[in-house]
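Before any comments, here is the structure.
Chain nomenclature is as follows: A, B, C, D, E and F, assigned in order of appearance, with residue numbering initiated at 1 for each chain independently.
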Amino acid sequence: MTRCAEAGFFGRMEATATPAVFDSGSTAWMLTSSALVLLMVPGLALFYGGMVRRKNVLTTMMMSFAAMAVIGVQWVLVGYALSFGTSVGGVIGWDSTLLALNGIDMTKPFSDKGIPELVFVMFQGKFAIITPALISGAVAERMRFRTFLVFTVVWATLVYCPLAHWVWAADGWLFTRGVLDFAGGTVVHIAAGVSALVLALMVGPRRDFNKRGAAILPNNLVLTLTGAGLLWFGWFGFNAGSAVAVEHPAGATAGLAFTTTQSAAAAAGLAWMAMERWHHGKVTSLGLASGFVAGLVVVTPAAGHVRPGWALVMGALASVVCYWAVQLKHRFNYDDSLDAFGVHGVGGILGALLTGVFCFSPVQGVLSGDFTQLGKQALGVGVAIVFAGGATFLIASVLKATMGLRATEQEERDGQDLHVHGERGYHFDQT
Amino acid sequence: MTRCAEAGFFGRMEATATPAVFDSGSTAWMLTSSALVLLMVPGLALFYGGMVRRKNVLTTMMMSFAAMAVIGVQWVLVGYALSFGTSVGGVIGWDSTLLALNGIDMTKPFSDKGIPELVFVMFQGKFAIITPALISGAVAERMRFRTFLVFTVVWATLVYCPLAHWVWAADGWLFTRGVLDFAGGTVVHIAAGVSALVLALMVGPRRDFNKRGAAILPNNLVLTLTGAGLLWFGWFGFNAGSAVAVEHPAGATAGLAFTTTQSAAAAAGLAWMAMERWHHGKVTSLGLASGFVAGLVVVTPAAGHVRPGWALVMGALASVVCYWAVQLKHRFNYDDSLDAFGVHGVGGILGALLTGVFCFSPVQGVLSGDFTQLGKQALGVGVAIVFAGGATFLIASVLKATMGLRATEQEERDGQDLHVHGERGYHFDQT
Amino acid sequence: MTRCAEAGFFGRMEATATPAVFDSGSTAWMLTSSALVLLMVPGLALFYGGMVRRKNVLTTMMMSFAAMAVIGVQWVLVGYALSFGTSVGGVIGWDSTLLALNGIDMTKPFSDKGIPELVFVMFQGKFAIITPALISGAVAERMRFRTFLVFTVVWATLVYCPLAHWVWAADGWLFTRGVLDFAGGTVVHIAAGVSALVLALMVGPRRDFNKRGAAILPNNLVLTLTGAGLLWFGWFGFNAGSAVAVEHPAGATAGLAFTTTQSAAAAAGLAWMAMERWHHGKVTSLGLASGFVAGLVVVTPAAGHVRPGWALVMGALASVVCYWAVQLKHRFNYDDSLDAFGVHGVGGILGALLTGVFCFSPVQGVLSGDFTQLGKQALGVGVAIVFAGGATFLIASVLKATMGLRATEQEERDGQDLHVHGERGYHFDQT
Amino acid sequence: MKMIIAIIRPERLEAVEEALGAVLDEGDNFRITTDTVEGRGRQEGEVELFRGHEVHVRNVQKTRITLCVNDEYVEKTIAAIQRGARTEPNGAVGDGKIFVVPLEEAVRIRTGERGGSAI
Amino acid sequence: MKMIIAIIRPERLEAVEEALGAVLDEGDNFRITTDTVEGRGRQEGEVELFRGHEVHVRNVQKTRITLCVNDEYVEKTIAAIQRGARTEPNGAVGDGKIFVVPLEEAVRIRTGERGGSAI
Amino acid sequence: MKMIIAIIRPERLEAVEEALGAVLDEGDNFRITTDTVEGRGRQEGEVELFRGHEVHVRNVQKTRITLCVNDEYVEKTIAAIQRGARTEPNGAVGDGKIFVVPLEEAVRIRTGERGGSAI
């Protein structure tokens, strides 16, 4: 995250001295970015909520919204300390003065950045919230709501925080090995996507998944499109905010990240439309929305490291690869309901690797004939897959034995909205 | 609002000299914040609109949307002059050069802040818009639409503007007495909540409120969740924007306000879920959304004055207290339809008082053994309740005698959407 | 766009020296503005999508969403080069180093502004996306989806890019003649509105338009209101972002543009409500939303050039004029389905002319007795109408002959959602 | 046994249910099936506005209620529906209609009971 | 008196109403009740797409119309519905069905009229 | 010919369709029309929550199926519906009812066929 300021297209400039004061522009942008990333959570809730059946629209949205509550608290209490506290051997952070953010000096800038540390805490906290929410897409319409909540907080603590530390903390062991992850391709998307797959396999498919005669259709694609719009909007904070600074010259990275984000999303939307047109002769709105998200995912690790033209290519590739990845679940009969793995997992892996191909700053990639970075990226990808997958398996195994992973058959049939929440999403027939 | 820059954790620094120029970062953040607060109005419209029955979804949303038009104009014409014009004895502002904002020098920074005065005008104007819109929640589904519009503009002029002057203008009599209201706990939430209660009592309950056999159910909780998401997002502008500056060192306050806002909302969401689980064994989406709002309300007066850890506590307390406050209406048979009083009034009072307990900057509160500030806060609360309640009673009495407060029985039965607006919210059955 | 920094209320200050570095506040604001303008596209999709019948809700939204993909790519590849590349005689831009934005020096500020050029590229790109999307409102519910996509990209290339160059590039022939268009009244709204009318005439009316017995009703006005809210929110980026800078003293223009935007929208909402009340005795939510948009359109060319008080007047006038303009289609039997011409075309023309009346900075308008600027504005309006109208006619003629402009009768009857996209907007009846 | 199908104003459903509750043996627990239909009769449809343009909707939303009753309850049921559904004082166009269709068999799924006792 | 229930394609409702208007005495003001149903017959259901996967919907959305008419109008009504609902030129699977049920009584709620004149 | 109207739990529709498919000659292609209704019988309505307050909904959402069949299929159809719709093991309140109404005529719009063969 901070790496890009050190070399690459800034290489020829002297290193920015540690600022003693806040830069007001950077602070403004990071406050804005933090708000934008928070908005992605309702955006995700709409995106997912629109795709499920009416009887599960609320419980699906709640899996995202509740993360704002649960992880919102967890992050302030311990999450930040675990992720960005003083490194214990590059493996985990810790700093008891960071508990409940109590010991943070409010008027001191964070690290070498020109923003208050609390703003950095908040920005990072939004990432911690949305990551477990992404997982819910794989187990929608059947996982027990309360178990998912518990899973959320355990997973955030045992999987997300360590991984964030490894990849982003200055002493994190993957960071020190030079793995690039600009805005969370590995920490957020691979981790969430792979965990989603493991969880989906353990929860098992919906009772009517892949059954002859059963037609599972999205209750409200307008929500899904709206959600995709909010996600794209918020993603500018996610990616361009990951530059952390907009003063001269670091603002160039923010501008670049903004541009690559936009480019990849657009190209991916176009490519998904093309795939669908070629495959079925129709262009769907869900497909366009999915393409946007795939493009945004793929460019996340690369946003500040690649040129806009290559971002177009990455976006297009993301749609082609994710489109096929999504088809696998029908062939292999696992129920990744809303394709959390198919889009985020696969897109994240692709993005992390392609970063090693197309990067030009701060290091050169395969394009310039150098395979070193690709190797480092592969290391990051491998570690994330193994760690997130394995840890999720352990956590879910314990939860399965204790709370149960799955809603009752009656709940699944009638929808969890009524049984678990005592509500229905829509009451359109009341007089 | 401006108070926090003077003492507290900045105490050890020399006072910032009055800037002769704009600070571009602060200007950027305040433009952003103003836009964010405007977005809260559609957010509120969705939040409220989702909770009413289908037949009233538009009229309920219109009560918020129309405030953007009505108060949008009122504020530019006279509202700002009344609130922030030269003080007439601390009681009201006035400055004829501010009529239609005509005499504002566009290139001069506002007061000791580094932003154009017009930006401050706009930021404040959004507060004036959303406050009367909040009231509509108490009288939804039965108050006459046109009377509500008139009420809106009269109330904004006779209640909101004076109160804003007392609490926030440098010479306002409550400000000079040291009442703290960081972002509008008193001016916005207590004023709106108490007025809402008075108005609800005067309008009377819906014909089917609390009646055996009648089931009033929300038409679309997806809207309510979405609205809650937009409110939270916008509230970052509301609270962190109230720091008005992000340059060094004032940016620390913005960062703190952002953090406490996030913390309180998250903790309150969690606490409301816990309350519901304990009370009914179910966790509702409306409950989660309500908890978020209660937490945001309670932290509003305190945002720049308390530490993040205490914000968690405030948020949790807000949900516990508001949850019970909301139950009262069924016991006492008053119809605060969407709990404008139960959440905003009660949450606002709680927040204003707790500010006096937990504040550490610019003054110390009860936590440090000093009860002075709590006394001042109680003064502010008392004044706001009496003034807003009394004035609302007078205004509503006049309107009752002249225009009538209540929709006709036929309108109430069929919904105002069709009768008053000539529209229906949804036409899902058209071919 | 850049003109305002040179004279007017800054006249008395020395010209800002070309900055050698980024201004972090301006960069922050422009990143934010770019994101805000992107959000207008989903906003527009909701605004339009709510107004059509259920069977076309997705295809209508897709016409906007797909522009994010199609023009998103076009702009990066060639659009920016055509609009803002080195001027070829004031008629078109070109610079092969700008292809795929490849030759942009990322650490050099753009022109005399304190922001990275890539940020400017992105900000401008969002305008290029939304403009063709606006056109879709005139041909909703019957134009062939794939033809519209092709139209979008051809129109953006042959109409939008040249016009943007003429009006906004430093060497553009209309710019050099002193035509004022602060944020796109001419380039965006007149161009889109007039093209929309031409296209609507060529596509022909919907089969049940203006037919006895047929009642075409909006499927979901909640979407339309929500969309209007997002549009207003995003428009702050559109207009106040067009100041491009927020440092001293240029920040004053941003503040002014923000204020006039808010003022015009509010006044227009109020005026449209009044018109409806007077005409039909009812105040509709669609009317309020339409008023907001009309006000935002009219103030777009004037935002940084007029005082807030006059913005109120412009907004009110916009609603009166557009309200009547919208009625024309029933009299003359052309089917501008969602009034892209009636609101954007007419509102844009009105705004461009009134800019010449009310402007005070950088030049004086008719109000000060000087008709020169009004003449220049009329030139801009005339050129835009003739050019956009004529070019649209040519493009559409070719498309008509090759791909066909119109959906089949069966598609129109059943809705394009099912036939073209293989989806339905809502599945509310699934168990 | 008869199947009584009535088409009424949605807003009168409440009153109709009250009237039915009073006459049908089962007290509050009488049985009824309700759905929403579009009706076209003498009543004018509603007028909505779309940007200043009046849109006339030909059809009117109505509530349809279906009750299966034993023969001795037919007249009581009709009378109760009439009482509840008629707009005071003299009824108005749009108050609706009641139709009676012969019912040959009724089966209670839970028990398999048939005929009058299954109703 | 008969109750005529027809299940037709939603898109043909317009044509059916026109045809009915032409034969029924009451002119434009003929009475009809409409609702939307899901039908399962010989017609294939629609195919929708979900991220590249074809979802086959077994049921088809149909419009159901109900007309209560006096005996002399039964055949005219059936003929009109057939005319309006049949897809040219030879009809197609999915065009629908018409069912005729005996109607024993009709009551106009507004006036209390019964029988043929209440229809 | 009879028109069989059954009101069942929405969640049992699947099972009912399976049972019907097994007995009706046409195999998978049997014909049926479905819609959603609100029912009020012995079954308690659902309880929803609104900010800590319990809201009791009197009516229950039910699925109504309509099948028109020739006389020889009536009993088979009734039996199949019963089999599919009854909650194991002994049925429960809310399982629903089956009503049988005489059907005088059936017309296939596509071909104009009438009577038993049009069903």
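Definition applied: contacts are C-beta pairs under 8 Å (C-beta built on N, C-alpha and C of every residue); 3 or more make two chains touch, one makes a residue touch a chain.
Note that this is a predicted model, so its numbers are computed, not measured.
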Chains in simultaneous contact with chain B and chain E: A, C, D, F
Pair with more cross-chain C-beta pairs in contact, given C-F and B-D: B-D
Duplicate of the A-F contact set - from C-E, B-E or C-F, the pair where over half of the pairs recur: C-E
Gap in Å, rounded to a whole number, between the CA centres of chain D and chain C: 52
Rounded Å distance, chain D centre to chain F centre (Cα mean): 20
Two or more partner chains touched - positions in chain A: 23-26, 28-29, 32, 215, 217-218, 220, 280, 282, 284, 286, 421-424, 426, 428-429, 431
Sequence positions of chain E contacting 2 or more other chains: 11, 35-36, 38, 48-49, 101-102
Arrangement of touching chains [line / ring / star / complete / other]: complete
Complex contacts: residues of chain D adjacent to chain E: 2, 6-8, 35-42, 59, 62, 64, 78, 81-82, 85-87, 90-102
Chain A-facing residues of chain F, complex: 11, 38, 46-49
Contacting residues of chain C [partner chain D, same complex]: 213, 215-218, 275-276, 279-280, 282, 284, 286-287, 290, 323, 326-327, 330, 339
Touching residues (chain side chain A, partner chain B) in the complex: 21-29, 31-32, 34-35, 38-39, 41-43, 45-46, 49, 57-58, 61-62, 65-66, 68-73, 76-77, 100-102, 106-107, 115-119, 121-122, 125, 145-146, 220, 223, 420-431
Residue ranges of chain A touching chain F (in the complex, touch as defined): 413-414, 418, 421-424, 429
